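A, B, C and D label the chains in the order they appear, each numbered from 1.
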């Protein structure tokens, strides 16, 4: 059996990749995807813990399910916003989107 | 409970200001009339209080107490004693006179002006009668906002700067006072904001704690007094403010700081007060000399008077720092006198400014020929201001110095030298204003008008009466002062 | 008997109120009002005097202050000294007011003038009757105020305005010392009453200091060295003012003050010595300056300074009655001198002695009284000045002060010299310029006559012929009476001798017009002459000690014209102004600047910090991320 | 206890849901759109009336996921009030297109439900879901002006920032679950007491705190605030400056009241630092702002710093101060933004300099705006003063003297920029003076806020009593 720590390390790596992507990607869609990665890292954690804690209520899994749904919703909102910004600014490169500053 | 006359006194102007809001903007006559009637009523009530006041009784009189915010033990507690009766009278008088002067001097936005003006009066009166620290603080701050607008809208060239400076400066001081109030509240065994209650517990605090709280209050009061180096808002505010507001500012607002020391800092934090007595005396001397020197260099008449206030308030400080009956009496009397005299000085500045539209002393000269009556008034108040015996200014300064001398010999002697400098700059001013040959530019100036005389005559009478018979006002405070000293020092000095 | 002494100052005050408020309505009547009320004061003074002779004493009028179980009551002192002063002041004051009707006739501020005179009378009289130092001080400052108002009465003249201010501030310097003295005295004795002073008998160095501080006030007010420079300038005022305030009464208040607090000075020989020495220096110095001054009023002013110095000298050598006696006689003859000078000025419209001459024929009445007054001040018997001056000389000799005696004697010599120099130059000889002199009106000459009468005869009160009635009257009760009422013939002889010597010398110089002699004297004593004619370089000394450093600092030297008497004071004043300018600068840029600096710091940091908000979302995220990392690092370092 | 029985505890939420759906549906047909607003208001009022009957103190419902207690009731009232005032503001706000009105009110009401659920949740799962719902709805509302680049840009930044922090928070929650095997707050706190200082516990908690900091706009999670505030339609700005922020603080309190986060020096130190940085940074940057909405954005950051003082001191008084502050803050901030909405309608600008002489155009608006600003600055006798007073009182009581001193200094700095707006309104003369009529609803909102501010300042007893009566 694969030990718990392997899952946790995997999730940590995914989380960091996501974080790195969110901080460095110029494309708004890319950032969106990176954030999805981070959420998924958390989901891996939840499922892993559920498994290794052996909790009968399956709380971790339930949470993960909820989370997948929420992430989808967030993604919808995010994409909508990206479309909206594209319509107005004709770009989705976020280093171009700094109309409001200071 | 008897008739709540103090509440009536305090809230009558506020009521008036609300009524003014209902009057249409165009009816300036009605607005002016209402404001004058209200301030006159306040003045009459203050005289009534003066008559009814029993000055042998050291307890609070006309006391009113209601629960306000029971959850944190805030009460609506008003009262009057010998320390405040004079200031109430002063406020009543000056606000009435300044109102008359306002009717003439204010030409725009009457409705807002009188609305704010009456609100200001409520704040000032409230500060002097509040016996609950929370209430005190509310009234204290209530003064700031109207004052900001009154300077900022109706002021001179740099009004916005001056108004903002005033507001920030005083607020910066008073927020520390707020912390001091809270520290008193939480350290007292019975959590209360009541000054009289706290006076029972606060003196038992450790010295370190008292010093901390004293300093917190000090910032609040020092800015108002103002004590060097917190005085720089004063010349700006005084110079830019319209005449009636300068009168109120110098006449009443500055007294709030000194009153705070006497009402709160000293009786509650007596160990710290003794601890800081010497620094306070030194600051008093610095105020006297520094203010006088800076006043001498001014060419703006109003600024000169403003700096003279700094100098005069130094005597108040010195008297208070002495912790003697004499010094306290002197300090309170000096507060009163300074209110009367400097109020009159600002009125006089206003008279000349409204005619000549300049206050530059170097541009005047020889006005004594053209405006003899004005010259008479100006001379009288100038001499009162420079402490000529026989006029009121002297008595206060004398008692302050007498008290100061008892405790701090050297400091007092140095302060006494301020008398010479004061004479110097005031006479220099008189010389530049009234003496010499008449500048042809001012040949068309008319002499002081009847209304202006009307505002000055009461001040003149008081100045002379107190000068030759100071007991007339001292009797109201002396019992309270003895009581206060006994509380602070244990022994009477 | 009814207590009415305290009303004496009230009457002129009523006159003051009437004149100041209704002056423009009643116009010339204001003079009558003033004179009427001061006559009433005079009459009441006489009643007081009679009352005093009948054993009436001091009493309390009203409670001025009260706190802390101690109260300060204002009352009046009724004793020999105050009675004497009351009579002198009300009498001289009334006469001078009468005289002023003529002198000020054409002045546009006629009623204002009389109002001020009345106010002066009020202050002076309340000073005299004061029974405590505080009330005394109030009157003291009041007379200073009136002096200021009256010196700068013709304020259109800038020199008059400046002189007024200089007078006020110079005396105020002395007054501050006086004021501190009162404070000190209050704390040693716990009292400010004169009557408690006489009860003092303990030796205490503080009393010495207090006495000196009080003497500071006298120095300022009586124009003693080194604060004497204001008095010559005060001659800018109308001549009746010079007569009343700067000759007869106010300046004598300093002497009165020393006399009033004499018991304090008696406590310590040293303090008396200081009084005597200052008096001697002043007397000599001023007298010598008077010999070379050409302005008629300034000669009289220096003469006044000198005579006041003589009074101080008298008091300083222990001659209490001698000093006060001279105070009284001086009041009459000096007032007379000034009024005569005023009359001359009124007649010839100039003050320059060198432009006058031969006026005797044109102004008979004035000239005769002028000569009488000059004889009186020169100390020619039997005129009043002789008796009082002789008394001072005798006291100096009797009490073993040979140096002071010589100084007084020399002063006497100089006095008679410069006085007759003035008389000879103005009244006799040939007219030196085209002057249309005319005699003054009756309203001016009658007071001259009355004063002349007093100048001749008042001295007899203190002469051996009346068995020293004055001295016996004035002698301080309770004071150990060491004054021998005996005629000192040596002093008297020398006094007469120098008086005539002075007259003779000036006759030689100015009537015989002995140019050779004059020139040779002048050549021989050239350094001395220069010294004197430059007023002993006081201004230069002040200049060097106090002013030069400030000058260098402020580069304002060009602003001062050289050789003017008021240079020192002016420079001192400008030094103060420079200092005040520096302080104002400090206030504006340092104190206020610091405050504004706080504001600027906030503004700048706000401007800088808002650049953090780049508008780029990833920068925002980075900041947030770093925030988390930072906390984690802290946790790692901080451990548990 | 069955799920159906528990439904009665969320009756207000259900009412709101029905109302929201009705509004959405009616929005398709009704021509007069103000009816929608009135209907939403009616729903809110009804929900408010039902609120007292819908809770039995301290009952856990829905398998302990939600809790019905007086604490949540307080916040529910707060949100209903917020929503009601925002709707009043919105009714007269012309920049929201007519055809979108139905959706707009719908979203508002749903957001209200989400906020209400967030404060009553007692489980990290529910907390996360509710907060996420609040966020998503807030993003959409921020972007509501579809054709406005500012609106979209603000929303995108808001969204990206929010998503990232919520991902971080979620990651933290997953570890908490792993460590304690549960997501129920009370159970966690029971097992936490021993492990409070453990690094492995600290980091997940820090992550959760980060997620909530984003909601409360605490430094360094504040940077979205000015942009989102500036971009959003003004009524929405008003809403997100109060609602989600209160949610953040409520959840923080909820977690905090379960003894999580407290009693270690490290946390106190850390939260103190956050509090100081938040108020100082917010105030200082606000000084040089020229756009009123941005300025108020920074001001609301600073306000959050003051509120955090109540957490730092961790005393009963501190908690009460936080609640009182939030309650007062609701009125003054909504009032201020209502004024901004009104003024921007009138002068078509958010630039402070264009506010010059506004007193002449609309004296009443200028006056109440002044009152709100002064209240935000903490000038007595207005409500804002009372709130600040309690916060500083809590700090002094717990002897956080430095914190109190920095707090009061900050409130002086803050005065400067609040007064700056007032200065332009009153001390400058207007360039032109077209007087626009004020929409009645907006007026009504202003009056409500104004009266509340005055009453809270002068007669705070009822509010204090209410807060004192809350059970934690």
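By our rule, contacts are C-beta pairs under 8 Å (C-beta built on N, C-alpha and C of every residue); 3 or more make two chains touch, one makes a residue touch a chain.
Values in this document were obtained by computation on a predicted structure and should not be read as measured data.
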- Task: Tally the contacting C-beta pairs at the B-C interface and at the C-D interface, and name the larger one.
- Result: B-C
- Inter-chain centre distance, subunit B versus subunit C - centres from mean C-alpha coordinates, in Å: 37
- Query: When the C-alpha atoms of subunit C and subunit D are each averaged to a single point, how far apart are the two points in Å?
  - Reply: 78
- Item | Computed distance of Cα centres, subunit C from subunit A, in Å | 96
- Using mean C-alpha positions as chain centres, tell me how far subunit A is from subunit B in Å, no decimals. 65
- When you check subunit B against every other chain, which residues touch at least two of them? 168
- What are the residues of subunit C that contact at least two other chains? 610, 613, 615, 617, 621
- Among all residues of subunit A, those touching at least two other chains are 19, 22, 31, 94, 97, 99-101
- Please list, in label order, each pair of chains that touches. A-C, A-D, B-C, B-D, C-D
- Item | Residues of subunit C defined as touching subunit B within the complex | 20, 62-69, 109, 112, 123, 134, 137-142, 145, 148-149, 152, 155-156, 158, 160-162, 164-165, 168-169, 172-173, 175-176, 179-180, 183-184, 186-187, 573, 576-577, 579-581, 583-585, 587, 591-592, 594-595, 599
- What part of subunit C is in contact with subunit D in the complex they form? 602-603, 605-607, 609-610, 612-613, 615, 617, 619-621, 623-624, 626-628, 631-632, 634-636, 638, 640
- In the complex with subunit A, residue positions of subunit D that touch it: 125, 128-129, 132, 136, 139-140, 143, 146-150, 152-157, 159-160, 163-164, 167-168, 170-171, 173-175, 177-178, 181-183, 226-227, 230-231, 294
- Message: Which stretch or stretches of subunit A touch subunit D in the complex?
- Response: 8, 11, 15, 18-19, 22, 28, 31-32, 35, 38-39, 41-43, 45-46, 48-50, 52-53, 55, 59-60, 62-63, 66-67, 70, 73-74, 77-78, 80-82, 84-85, 87-89, 94, 97, 99-101
- Tell me, which parts of subunit A touch subunit C in their complex? 19, 22-24, 31, 94-95, 97-102
